[in-house]
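Take a look at the structures below.
Okay, so chain A shows up in both of these, paired with chain B first and chain C after.
Entry: the complex of A and B
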């Protein structure tokens, strides 16, 4: 404190009165932020406008060619990009409502005190801590065509036949979706449990006086009170599901016939197998922008619904 | 589901349900069945890993291994192509570094944003916030090309640094810092403390819980990361969760060994979770709910 000379100009002061102090705290993070967040965004756009060649120092500028071919029907990039994007959308449309509904279900089941509640909560939350590869291997083995547990059980049940899940178009989604549900529902459940605990009991008592049944209570008390969490889980689950990668990569390797290949998998294939980094960068930009728009749109949609629900 | 949960309450009202099973029994049974289903894949992994190879596909199914053996574990731990110890170390080292750096930078950056006034504060805060909206896929290709240029392919640096400046930690720390009463800080300032002393002695004690939660979740995020390590590190340098899939493509039909490998790879996380279980859920409500 006593180090600073009173006549020293403000910027050279060695104490907190130096106006540069706040910036010093920001500096370490800001440097990394500029290198690894700001620069890559621009660099990604730059790469997507060239034909990037790892072996060359001179990169050929091709303008919007990679974007154009994505929107040209018939080009292989366009065919696989849109096909895998549709696969991903299918996954999102099935998974997100299930993730929300099952999470609410589990949270409601665990809402009132019950013997072993802590144990159940731990069990349902447990899979969320596993790596996607572990979860994928577990469910791949469960759904194995010949000797997987699911098929062994199907085989023993009368009237049911085994299903070669991993190699049948359509059925191949089942292990991926079941695995994803098992893997992530516990996370949403904990969010819903916390929200349920915050709903005042008086609301239910009032609803009961009005003669509301169980469903009416859920529809008019619980559900509206849960809306903030539902917005949060819907947005985060949608974004996470759109970035489907590990589940398909481990369980089906995108097969059969690319039917479970996600758009993220296709982008990485284009980059790291075909070495078309520029084309992959262009796809990342298009897909990333779509993701951004979806999250903004979904947020506004759900907010509007909240407004209506409150009437 | 809703019906079951509400049954406790409505039992008081309707006479019909009074004749049913004691309150909560049906709910308890539902929960038990669900818990069994949730545990089935993990039990099946453990059970398969303890069977000799011929028993893994035996019919009828051996729910409990009839000839329990540790030979699968012995074989893969001795295998020259599977370096489980090295992979575990890679994951542990990079996750610890990542998590410490995230917490350190989070606190340092959040401090002036939350407690000081200076030109550009709002702009920088909103820039950081906006960066959280950018989907991760945007960074994959440029980051990879940068790693080549930095000569960071197959190094720990590649696993640690690109993710560190993510703004979530900053945002989380800022929210907690903002809520600490200003009087405490002013009292310390009158006593002659400088800004770093105020941070360390006055503010940090309030941040212990959120810092621990942030460290835990950064650690988990780094440990479980899949896409990035899959492409930037190979062979000996791989992280455990990624290495287990390359391992699996070699052993896919040897289910016993495969599940032994999976069990080894999931064990550190499972044990850590069971030991620190209350903190996980407490940390989640601290971090997850605060940012909605």
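Entry: the complex of A and C
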């Protein structure tokens, strides 16, 4: 076995039996992972524990002060952080089901061999490639209080009144949610279209023989067969929705009364407008932790569902 | 073979010598210049930089236009990384913060005099904002102000003198009533006047940021200084009687006087003014070109009326050319940067810059014969009365709180009292944070 290199110890062997081999395969990823994931998190924790100034040599250690003020009722940090976090959660809770339902709906409609199917698929997918600033400006114009297209139409219709979307708490979410839906639903739709094409026709034939109607066919054949894609779209849409920034920034600038400001917008404001990097870092850590918990919960929920589907 | 190598080596040597000689002969100092003039003033700025490069063959300025918000985010990281540009344009609300956090280099008195950058040339209120404790960090390049645009045709129809727009509260309210008409032709105060069905109105009071800027001006006219001096830790005072009176007056324009539509936004008011629905529009001097390009809009520009109860004041802003700290200071580049800053801020260049919508930074330009044809000469006399929120490192926090307070009062979310007291408490807490996080100054 060791005939060719009798003196070479195990760690210096130049073949696959070297015990270092598995680690060497992991090394390229580990280097990137350490530099771009582990180090920034560690550095973020360091920043959040200091009164950190980008250009100063000495950083004052303040311990958990910035975390404490996030949990001190009445401090502006606590007020706006939790308010914007709740805003963001509201956005997620509304948009994620819509993004999934509309995507399935569109995919089902375009699954049938109707006339112009390719054209419509392209049309629904097209907004996905737009930059958020363009999409935002477009929907801001559409929903503008006085001169927006929606209000001009509402004004012309009998019995309907114009709605000051951009300055009314509550209504201000409408342009953001409609815009987001229009902007991103095409991507999920393509995923569902591909998944639908993979459902064997035999299942439907069998279901029909058993007397299943259209709803029963969807409930017992289509929906379970789409579960893997649903898990994927639910997780990716949730994460993307939690990162809400550009839509609110462009359409409502977070207003009125900070009611559409997302937590990412507030953290950015704290860091780059107020130049409170440490406080912003502490908020990022708390937000990251919250996101982690939500993701774990979501994964468990959905994995349990697939487990059931496999029974 | 050996000969071949020698010949190649000789050739290479020649090329290197040639390159070195060439660089020495045409040695040009390269400097980077970042600015945020991305609107209609962009071509004017690029034209000025091109002119500088043509007239200064030994310096090559590479300009880069970055939207203000992004630009400000990049300054400190670029300084920390040792890759800061040589010259940057920054605004009045952030310059003091950058100075106090150590991001900007001081321009020494020797450098000021050797490059002919004289404080006396500029409006004093503008110049002072570029300094901290007498040390100079920035030179004014750009000046803006809140003004009143008004529709001359609508003024005439309402029987008002289109050459004599209102300039105090009483005249303004009288004109505003005459200019506000519902779809049945009734004016505010008339029997059956329908505020929800306006065919034409005087002026909209929008929500932040523009609404906050208008309210800021009226509060300043009521004598509000917003914060106390540094010695009093910048104690917030905008929730004083004067501040509340100003906000109440603007809220009343909508609810009480009914000369403003409810739920105005800055954009809806711009659109309404362009369509001839709003007779007046309070906005910055930078809107001039947009309104000039509107077909069939016969409008005038006047100072924002004195809607307050005290001396005339109005919101103003300014931009400054500054030099970020360099990790390895290159004296040649610093010289070139100073030459550029000096040239750009001279009267001749400032006069050209006003074509992009800026106001003069210095009396010599305001009084220049060529400037007298400019539509903005109407507001020139108000220039010394601009009340610029600057000179301390938390303008952003203070303005955010003020704007939020005004918005809460205007939208009826809180009473004026409550809204401004809450906003002042918020601003005080933020200023306390800001004071704590400032590095000690030596």
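In this text, the second predicted complex is superposed on the first by the 268 of 311 C-alpha atoms of A that agree within 3 Å, B and C clash if a C-alpha of one lies under 4 Å from a C-alpha of the other, contacts with A are read in each partner's own complex, and residues count from 1 in each chain.
Note that in this section a contact is a pair of C-beta atoms (placed from the backbone, for glycine too) under 8 Å apart; a residue touches a chain by one contact, two chains touch by 3 or more.
Remember, predicted model here, so these are calculated numbers, not experimental data.
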(message) Given the alignment on chain A, is it a clash or a fit between chain B and chain C?
(response) clash
(message) On the A-aligned overlay, A:189 touches which partner chain: chain B = first, chain C = second, or both, or neither?
(response) neither
(message) Quick one: is A:49 in contact with chain B, with chain C, with both, or with neither? Answer first, second, both or neither.
(response) neither
(request) Please work out whether A:99 is in contact with chain B alone, chain C alone, both, or neither, and reply first, second, both or neither. (result) neither
(request) State whether A:272 touches chain B only (first), chain C only (second), both chains, or neither. (result) both
(message) Taking the superposition on A as described, I'd like to know which of chain B and chain C A:145 touches: first, second, both or neither.
(response) second
(request) Could you say whether A:251 touches chain B, chain C, both of them, or neither, answering first, second, both or neither? (result) neither
(message) Once chain A of both complexes is superposed, is A:164 in touch with chain B (first), chain C (second), both, or neither?
(response) second
(request) State whether A:126 touches chain B only (first), chain C only (second), both chains, or neither. (result) first
(message) For the overlaid complexes, name the partner, chain B or chain C, with more touching residues on chain A.
(response) B
(request) Pick out the stretch of chain C that clashes with chain B after the overlay, from 7-15, 79-87 or 223-231. (result) 79-87
(request) Find the residues of chain A that appear in the contact set with chain B and again in the contact set with chain C. (result) 54, 144, 146-147, 272
(message) Give the list of chain A residues in touch with chain C in this complex.
(response) 51, 53-56, 75-76, 140, 144-147, 164, 166-169, 253, 255-258, 269, 272-276, 278-279
(message) For a test of understanding, state which residues of chain C touch chain A in their complex under the given definition.
(response) 69, 72-73, 76-77, 79-80, 97, 101-103, 207-209, 261-265, 267-269, 271-272, 275, 325, 393-394, 396-397, 400, 404, 407-408, 411, 413, 426, 429-430, 433-434, 436-437, 439
(request) Quick one: which bits of chain A touch chain B in the complex? Just the residue numbers, please. (result) 1, 15-16, 19, 21-23, 25-26, 28-30, 32-33, 35-41, 43-44, 47, 52, 54, 104-106, 108-112, 114-116, 119-127, 129-134, 136-139, 141-142, 144, 146-147, 149, 152, 182, 187, 190-191, 194, 204, 208, 213-215, 217-218, 222, 228-229, 231-232, 239, 243, 245-246, 249-250, 264, 267-268, 271-272, 277, 280-281, 284-285, 287-288, 291-292, 295
(message) List the residues on chain B that touch chain A in their complex, please.
(response) 1-10, 13, 24, 27-28, 30-31, 34-35, 38-42, 44-45, 48, 56-57, 59, 61, 105, 108-109, 111-113, 116, 118, 121, 124, 128, 131, 133-146, 148, 161-167, 170, 192, 194-195, 220, 223-224, 226-227, 230-231, 240-242, 244-245, 248, 255, 258-259, 262, 265-266, 269-270, 273-274, 277, 280-281, 284-285, 288-289, 292
